[in-house]
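Labels run A, B and C following the written order; every chain starts at residue 1.
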Amino acid sequence: MRVDNPILAERMREQATAPIGAADAPLFIANLTVAYADKPALWAIDYTAPVGGLIGIVGPNGAGKSTLLKAVLGLVPTVAGEVRVFGRPIGQARERIAYVPQRSSVDWDFPTTALDVVAMGLYGRIGWFKRVRRRHLNFALERLDQVGMAEFADRQIGQLSGGQQQRVFLARALAQDADLMLLDEPLAGVDAATEATILNVLRDLKAQGRTALVVHHDLQTVTDYFDHVALLNGRMIAAGPTGEAFTEATLLDAYGGRLATSEIRAAGAGD
Amino acid sequence: MDRTLIDLLLLQGGFNTTLVTVGAALLGAGAGVIGAFTLLRRQALISDAISHATLPGVALGFLASLALFGDGRIAWMLMLGALATGGLGILATQWIRDHTRLREDAAIGTVLSVFFGLGIVLLSHIQTLKSGGQAGLEAFLLGSTAAMTTSEAWLIAGGSAVVVLATLAMLKEFAAVCFDADHARALGWPVAKIDLAMTFLLLAVLSVGLKTVGLILIIALVIIPPVTARFWTERLGKMVALSGVFGAVACYFGAALSASAPALPTGSLVVLTAAAMFSVSLLLAPARGLVAHGIRLTRFRRRLMLRQALLRLDQGEPMVPRAMRRLIRLGVLDPEGAPTAFGRAMARDASHDHLLWTRYLARHPDEAFAVTGWGTRPITEVLSPDQVDALEAIDQ
Amino acid sequence: MSDVILADFLTIDLPAMLAGSLAALGCALVGNFLILRRQALIGDAISHVVLPGIVLAFIVTGTIAALPMMLGALAAAVVAVGLIELIRHLGRLETGAAMGVVFTTMFAGGVLMLERSAGRGAHLDVQHALYGSLEALLWLGPTDWASLLRPEVLAELPDEIVMLAAVTGSIIATVVLFYKELKISTFDAALADALGYPSKWIGVGLVLATGITAVAAFQAVGSILVIAMFICPPATARMLTDNLARQIWLSGGIAVLAGVLGYLLAAFAPQLFGTVGSLNAAGMIAVVAGLMQTLAMLFAPRYGAVAQSGFVGSLKRSKT
């Protein structure tokens, strides 16, 4: 449709250029709405992730935390809205993102070793048809070492403990050398050593100016672990530096009756 | 439609043909009914393993009855053989699935192809024997009612009737296990035994129907009618009944049609009739059909877009050009792109409605996203007046 | 071995063994990925819809030339997989049910077309489609081992074997060339997409490879044996190793072994028992493959049922 009206045309031009200002952000989301069949799961999410942020995505079960990551990656269809990664549509920015899926979504019986899995993170750089070389495996081994898993390199992945599996997938994300990391519940059900390792790695990444979005379920540790929070319950309740976005009021808003006030206090939310 | 087909459909085609046609209809009903439960137990393709696994049984039944009675084509011996190796096929599939690292799809594929291979080997052995009647065995592959004897027809009709009656007798038990096996177990139902009965009836109906529809296509009888029925209803009882009816119609029509002219294989006609009913349902069923689904989805997207645009209008935020054009068409914005009085009122209403929806989400998060129309339809259309009043009363 | 017996062997038995083994090898290599993707039954569905594809190609072109048949069958495979996805998605059905609807309907259509057309006269019938016709392959020409490689003798190779060799060769090349791509898209489709290997298109490629091998093997060994070869050798290898590359080559070896052993058993076992005639070779190859898989499922060193129950047993003993 051609627009003859000068005022409307002006507005449209404004809007067409509007996102550019935020478009350099590692992740820019505008009006993102996702629905399964005809029930909305994410409602008009607006969000801009800061460069070098270590961001916790927090919210009750079914709040759409995993759906948000999947929508960013284009793994679930969206009804409305826009996602930009470093100013580009997701299709053109895939090499700058690494994704660590939930443990339950992986076929742990697959005939492959820990080192193999980490090496897969390099496939993008290796390119079509070319084989995995010794130097690629060495690089993958270094990443495994970075998460303290070098001695398990030849182990079939199903024979690792839950925490070890999580570290292998983190090492794979490291091998991808991405600037934006999306991690879906990496700290769920892992041992203390793994938790410490993962946090160290995430902080290193932050120090290098990379950005990480981490779906997190444990309210008690949010303030210790993350400098930014995105509080989600179908819609974006609050987003920003932890001290501002993770407060008693926002938590009440997100969790409603599902959380006792004492639990919110215990979470150490600022007020 | 020619004269003969109408005769056949009206059961005027002679006693034997009538018996075959009625028997086929009973078979279809039995398969449809038991198939509905199989589908709900997510075991549709186990029947593929079972049906192929019956072939060596048929061949062994032939050899056994040849040795015992001097005639290889004694129908109940063949059927017994089919039941035996079909049952063995079920056990093998379950063992592979439960006791090795191989998954169900590989287990089914292994059993169906290896048992079938064994059946072919046995058939090739039978071909070399100097006895009559081997030719009839090929009917088990693709189904044929043409050369069916009266005793075979009685066996099929009787066997199908038994399956239908047994399934009806156990309707309540099957329904309980299909709906929630753990719950049924907690209530003290013998779930494993009920499961076994269900599997046995499936095996029985597949063995009984081999001769009519053929072992390659018979699984269509336990899959297509229930899947078709699923499009028309959300209720178990109705689905089982519909599935039985669809199965009966497909078999009845297929058998009659195939008797009307030569070179019309019964199995193919039965399956194609069932597939035609499926296609119509897929497209036109009122709630789950494609057309209805498409209309619903389009409406939902429209409502969602309108609602989000109105909210943005009320907040004074920018919106996408497409939404803007839509609002102009609706008279919410004037052609200049500025809101009209009507538009302001609508935006205010939408904003208030959304506030209530947001409160609802905050207080009843579990219900909120389960309810159809959260955030897209006026809250008064979805929630009861009491609920809306309670939400209005909250002051924030 | 006397000259006459050797010549018979080279003319009758060798081409059948070659065809059986080549078909088994090609199917098994593809089957590894089908099994790991939990799509073993896609192989089942595709091998069933090959029939309507071939019949339709015959009705349209009026010939039984290899190329139109191959294209017809491939088209049928793609249509079937597309329909399965469509019905599964739009009808909200589980894959198994959607598959059951699609392949039985297409197969039924194929049988009906076959019975109604003149296809029966043209060496196209349902029996052959199911059983294959390994025994009908003859290599007229070779008289002794040394003659096998002479150009004029090679020129006499049955067309089916030449096609099978070409197809199996390209499958081997494809698996070697695309090993990395197949592996990553099978293990983690999301990562494959993220790294620029479109998993959906690799999946379509796998369906095409499945279709091509199924069609090539179909003529010689029949559609049911095709399923056995897609599944049994990879499943056997799967029981024996945790290394994907090793699993693939192992499955190839197992497939060839099953092809040779199965044929020999079918051709010569009746004579050992003093009866005349021979058994269906395609069926016997499937049975041998099934037996090998059963042995592996029971006695595989680490994952076999015996070792597993022994392991569990020893754990229990160590606890007390």
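Here, contacts are C-beta pairs under 8 Å (C-beta built on N, C-alpha and C of every residue); 3 or more make two chains touch, one makes a residue touch a chain.
Values in this document were obtained by computation on a predicted structure and should not be read as measured data.
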Exercise. If you average the Cα atoms per chain, which one ends up farthest from chain A?
Worked result: C
Exercise. If you tally contacts for every chain pair, which pair is highest?
Worked result: B-C
For this session: Specify the chain with the shortest distance from its C-alpha centroid to the centroid of every protein C-alpha atom present.
Result: B
Seminar exercise, completed: Per the C-alpha means, the centres of chain A and chain C lie apart by a whole-Å value of 42
Problem set entry | CA centroid of chain B to CA centroid of chain C, Å | 29
Problem set entry | chain A and chain B, separation of their C-alpha mean positions in angstrom | 39
Seminar exercise, completed: Note: chain B residues in touch with at least two other chains are 101
For this session: Would you mind listing the residues of chain C that make contact with two or more other chains?
Result: 238
Exercise. Where in chain A do residues touch two or more other chains at once?
Worked result: none
Seminar exercise, completed: In the complex, the residues of chain B that touch chain A are 101, 296-297, 300-301, 304-305, 308, 311, 318-321, 324-325, 328, 335-338, 358, 361-366, 368-376
For this session: Provide the residue numbers of chain C that touch chain A in the complex, in ascending order.
Result: 36, 177-181, 183-184, 186-188, 190-197, 238, 241-244, 247
Exercise. In their shared complex, at which residues does chain B touch chain C?
Worked result: 39, 42-45, 47-48, 52, 96, 99-103, 105-106, 108-110, 112-114, 116-121, 123-125, 127-128, 138, 141-142, 216-217, 219-220, 223-224, 227, 230-231, 263-265, 267-272, 275, 278, 282, 288, 290, 293
Exercise. Which residues, counting only chain A, touch chain C once they are in their complex?
Worked result: 73, 75, 94-95, 97-99, 101, 106-107, 110-113, 117, 120-121, 123-124, 126, 128-132, 156, 172, 176
Exercise. In their complex, what parts of chain C are in touch with chain B?
Worked result: 35, 38-41, 43-44, 48, 87, 90-94, 96-97, 99-101, 104-105, 107-109, 111-112, 115-116, 126-127, 130-131, 224-225, 227-228, 230-232, 235, 238-239, 266, 270, 275-280, 282-287, 289-290, 293, 297, 303-305, 308
